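Each structure below is given as structure tokens.
Both complexes below contain subunit A, partnered by subunit B and then by subunit C.
What follows is the complex of A and B.
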């Protein structure tokens, strides 16, 4: 791993840690007694400090160190964890993010940043008046050996020190790591009491390669941190160095083992340990003598340890606990390593290739059918199934839970509610709902805008709320769920709801609506998405400037989604965003109209029914159908897209092959071709009774509304790789993309949401003014 | 970075300037070894006043020079260590090993603030 790569990883990990830290802080506000949460905050700060130390990012280390000290005291229960604490640490968290951003941008820490660091440090110290515990200061002991000796003397009366033995691998320097950086890092959370630097491995002058590392250190180290933290310091060099860490009060046997394992020259290492102050001369003598005696008695090395354990009466429980802890740590690591970071571009490329694979497989399928060779047909169908599985699993790779995005709003809600002086709570549900990563990235901004809008305009001030008999605090709800192939994200508030009259008045004033018009509720509410439309009486820096809601709608439309509003005066409103689950590949339903083919997203298809002449007659030209007692508006695609009629119906019966896919009849899915099957059985009779070819209606649903699409032919399911339309076709209604069929022909993908909306609004307009009926 | 052999005060000296790190170590090694071996007099001085940065690689070279001098029977001393050098020697408790005065005449004995950029 070169240094740039490692630094990149540091930035990514730090950002993740900071996210976790912010999340924990926000939750602490609700449950201040939760030790896990404060631990999580502490760990995040500690880990960032540690990694920053490895890269020599002193501004980060220094700042984080101060924060960590306060956190350590809070964790120990010495400081109250209150709103003030959380507010301060949210600022600390933000500043750490700034620092990490600076690192990501090349490590430019300017005056502005250091001033801010300084300001926060002063506030941190004010918060923790007793100051920083002396032994945690990241300063080195002064270079004078006398002072070091003094501290060492004190040590004998204290808890005892760790012993760390380091032998760095030859390649450490070449790998961009400096052993001294690890020592420096150790000084950030403890004190190096004694250190002996070993040059014993320095080769002969000629063999000496200045770029290889020959260093070793024996360190006596004092810290309150645990073994995991010390091990963590050497995380980056773990595979590249021999590291032995002996806890305070270790058994002499462990030192004996250690001495034996490290060096053939036992006496020398023993002496080094004495120089380090880790062992007394007496202890070393005892250890070596015991060992010598045992050897003389002809016993193997193994029992020595046991004898010594017995001598020192070390409690087995302690050892057990230590083992358990290490095991847990190992398992934790195992969990981490089962995740892989993958470049999003690689994933996109993978999905594109699978798109091509699907098209190719459709082509093979078609050739197999034409050839009529049973073996080939079977092989093709097996392959088709596998390709479908591959497609599903590939798309699954891109699926991300929306929870992380939702959690970001905890902070937004907290900050905005402080800013506008309203108490607002955020409730989140459906956080485990998954959707495509690209979609999640693009939905974050519109969602932020909706949340702010709801808080600012939706939720009333506390006194108004109380007057209306509602609790003083407002509630904002974020919810997500899956619904017929789309994901629905709801932003709801329990505020005053949209004011229909005011919106309408404003719209008339702006000339968006004619004064004599009587638009439907939906139409009125949708006006708030018009560019520059705002009914806010007060403009503030959050919203109300009329910029934004139109951008929200445009962003959502770009994702092939839609937004609608449900509002009850005095009770609140819900903004409901619907988005397609994926932007790449869908299950489609292929239909034929005239000589053209169209794809309807399969998830939106409810059923297929025949459109009989009686029904057409019964509708009296009103484009409505009686579907089991329900009124179903329908659209004739042939009229919509102005397609020429197919050759005369009688001729058409023998001319199926002209359709390209027409001969797929025999292999259609059982379930979807019932209508056609019946049609074929009754062919003769049908022809005699009704010389006009019968049409089929594909009933589709979107956002709870149904509509019928009148088509000539139902051609069955089709794996659809969505291709975007070129810029020329932008704004073309009714079409959302195209795909390539197995034959190489193009099929247009119908924009069902748009079509359903068109029928619904036509409906309204028709009731109002029949003359506007589209011809 | 430039390394010159100068003779302040008559003692043959080798001066390390700028970075005394992995980036310069390979180039410095033969020069340091040569300076120690080919020194005219008994006493050899290596001037560390202009060292802006030193890492493990530099430290190793100092150890190598010391051993080389001992083998050649010469008296090697490191003179005028910069703040960066003192910082590292303090960290590794090597000040007495290299016989470097704890504070030097060129000023600030405190550990040098490292520039992150």
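What follows is the complex of A and C.
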């Protein structure tokens, strides 16, 4: 394997592990007794250390080793897991991330980093005074109390030494490992009291292969180091060798188990152990007797093949980190096998191709309708359906749960609340809501701003809260859910809410609002998104400069989303972000207006109704109609976009006029040509579709509001591949993108909220200076 | 689908040649075309291809010189009416009307952007030696001076050499939201 590739994998995996570590640390804070969590932290540190060792990244190994030592003791219950511990390890975690980042950027560890390493190591050592040597306080299982009960009355072995049992695999030498090197390494932090070399596996001279390793060792070892350290010595041969490490004063039953698992010939191994000085004859007898009893009781004798099983079922008193890690690794591998890491670019390319496929399929569909051949029509419709399925599954590939993004805020909330001295709890819901990866990446920044803003400005200090009859701790909620084709992300707090008066005063002071104006609540709240707007009296390093919220709005707009604020004075406020589910492909509803065609995102379309002459007369020129008793304001697209009227169909007869030469502006209407195509299919249908000066209203809904769009023609559903507006049209309001229709023509995708905003602000303007025309 | 009629020249890929930035000295070949009665020329390095006029979609609420957008083999390309950009009336579309696709890179960092310009008729590709190129006149050209990169002498006549990077400058061409709603900046 290419080392660069391997290093890249190391970086990716380490980052993931660190994320997991941080997550576990944050959860430990809530439930300090959870052994699984501390184990998870330990495993992460340990794995990173091991992998870093493989690449010779000494600064990482050295630092992580120190952290690991403290963790090992915490895991053994020797150190209290408290807020101080968590805080320290969060810093450690951050620093490890810095180290990994440095590795990713070419492994440049400068003084700054090593100083930080040193500082943290000192603090780690201070946290874990080396006062209690491992021998005097044998590692007792901290995890399950029942085990303690079970083993408490069992006899312990007398020896205060570790017992290490090694069986090197045949391929060890071939893999470039020297068994002797490991033994030599052991002596660097302990003493080998006795060693017995096992050469039973040595074949006859004829069969002997000099490149294979046939040796095994039983070692009695004395050290102050903990188990993880010993294990670490064998990091590189873990896969190639059978390694068992028994701590001092292990229970006899553990030896029994060990003996059983290592060799089919228990007696022999037992004798070796005696020779090795690990067991006394007496102890061995007890062990063998216990085993015999077990067998008599009908318990299955464990052959070597069941080693793993046995190790898992047998008391966790043999807290075997190696085993745990191996187990974790195996589980990981199991998970990985059903996952594939794919380069995001490849995925994008794939989705682009599917976009092309959709356009092509729409073209075929159109030709099929034109040709009127039933078989072709059927084939085309089958293909269309399949293409739709392919599209959906392709888009699904890009979908990611938002939970991971939300979880990052655990840390943000924790840090910020410490910094500003407020106690704030984060509640997360809707973590399983899925949305496009691109959107997730881009939403993280605005969310951070909103969260910080809520914590700093929204939530009051504890005494104010108590005075208002609220709990002393503030609550911040992150929520996500799907709503009519868009995803909604909410950031809410139970703080004081927005202060309308203060915002308005500030706005008047800054000249954003004229003193005599009476803007609506929404308008006032939206002022906080203005660049440079801040009501904070003091600027701190969190917020108050008035930059953040402006950025928030801009980022969200770039994602074709919107943000609105709901606030109740004294009760708190909710920032609600609405985003499109995906940025690439949508289901669209094609409508024709004059000579142009437009796409309305289908999920916004509620229904289509006819705009009858009576309705128009009844509204007396006002732009709304009566929809089953409800007032429905509508927008005349033709007037808004200043589009020319449709020329009478008769003039458009020659369908071959593909370049629209007869037309002054050269545009030709997709809508009309589709309609024309249909006339050819069925004359009767053509009669029905004849655009007799009848207008239709497409009722759309957005963020709980309804509006009507008056169009000439309804042309049905259309798979829409969104083409971005590009640099030229980027600032447009009311149009969110382009799409290419089956005929190869370009249609415009309507941005309904933008349109509504535009019309609303036009109305406001007109009402201020009543003049000119209506519309 | 739009079919390209003539693929005149392709800018050498990977050369990263910013359109129009190529000065008159290193640009010897020019595409000449007509706009009304007048003849203009553009350096061919910025030209991607020339296609027939057709299947153009109007975009509402944009400055009048943006004629609309076309589908160029799957990508949406904005089309600028050169005559309107020069402050003249749009010419009627004839059988000889063409769209010249220009590739522009406005800043080094940005990816290049394709844009189409509508011209009345494309004539030929000319080689104009640097010695035959005069600096633009200070006035009297009937179009903005900064649009002109030079005056080429061809058969004793002058041809206006256009600076496409200025004509299609993103700062001027791009549609700004505030263009239509100058009065209500505070209300979003």
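Throughout what follows, the second predicted complex is superposed on the first by the 508 of 775 C-alpha atoms of A that agree within 3 Å, B and C clash if a C-alpha of one lies under 4 Å from a C-alpha of the other, contacts with A are read in each partner's own complex, and residues count from 1 in each chain.
In this section, a residue touches a chain if its C-beta (ideal position, glycine included) is under 8 Å from a C-beta of that chain, and two chains touch if they have at least 3 such contacts.
Every value quoted in this text rests on a predicted model; they were computed, and no experiment measured them.
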State whether A:745 touches subunit B only (first), subunit C only (second), both chains, or neither. second
Touch count on subunit A, higher of subunit B and subunit C: C
For A:180, decide between first (touching subunit B), second (touching subunit C), both and neither. first
Looking at the overlay, what does A:57 touch: subunit B (first), subunit C (second), both, or neither? first
Could you say whether A:735 touches subunit B, subunit C, both of them, or neither, answering first, second, both or neither? second
Quick check for you: in the superposed arrangement, does A:213 touch first (subunit B), second (subunit C), both or neither? first
Taking the superposition as given, does A:194 touch the first partner, subunit B, the second, subunit C, both, or neither? first
Have a look at where A:344 lands relative to subunit B and subunit C in the superposition and call it first, second, both or neither. neither
In the complex, the residues of subunit C that touch subunit A are 1-2, 52-62, 66-71, 74-76, 78, 92-95, 106, 110, 113, 115, 170, 173-181, 183-184, 186-188
Enumerate the contact residues on subunit B facing subunit A in the complex. 21-22, 25-26, 28-29, 33, 55-57, 59-61, 63-64, 67-68, 86-97, 102-103, 109, 111, 113-114, 116-117
Of all residues in subunit A, those that touch subunit B in their complex: 56-59, 106-109, 140-145, 148, 168, 172-174, 178-181, 183-184, 187, 192, 194-197, 199, 202, 205, 208-211, 213-215, 217
Within the complex, subunit C is touched by subunit A residues 356, 359, 363, 507, 512-513, 519, 523, 526-527, 529-530, 553, 595-596, 640-643, 658-661, 663-668, 723, 726-735, 738, 740, 744-748, 757-758, 761-762, 764-765
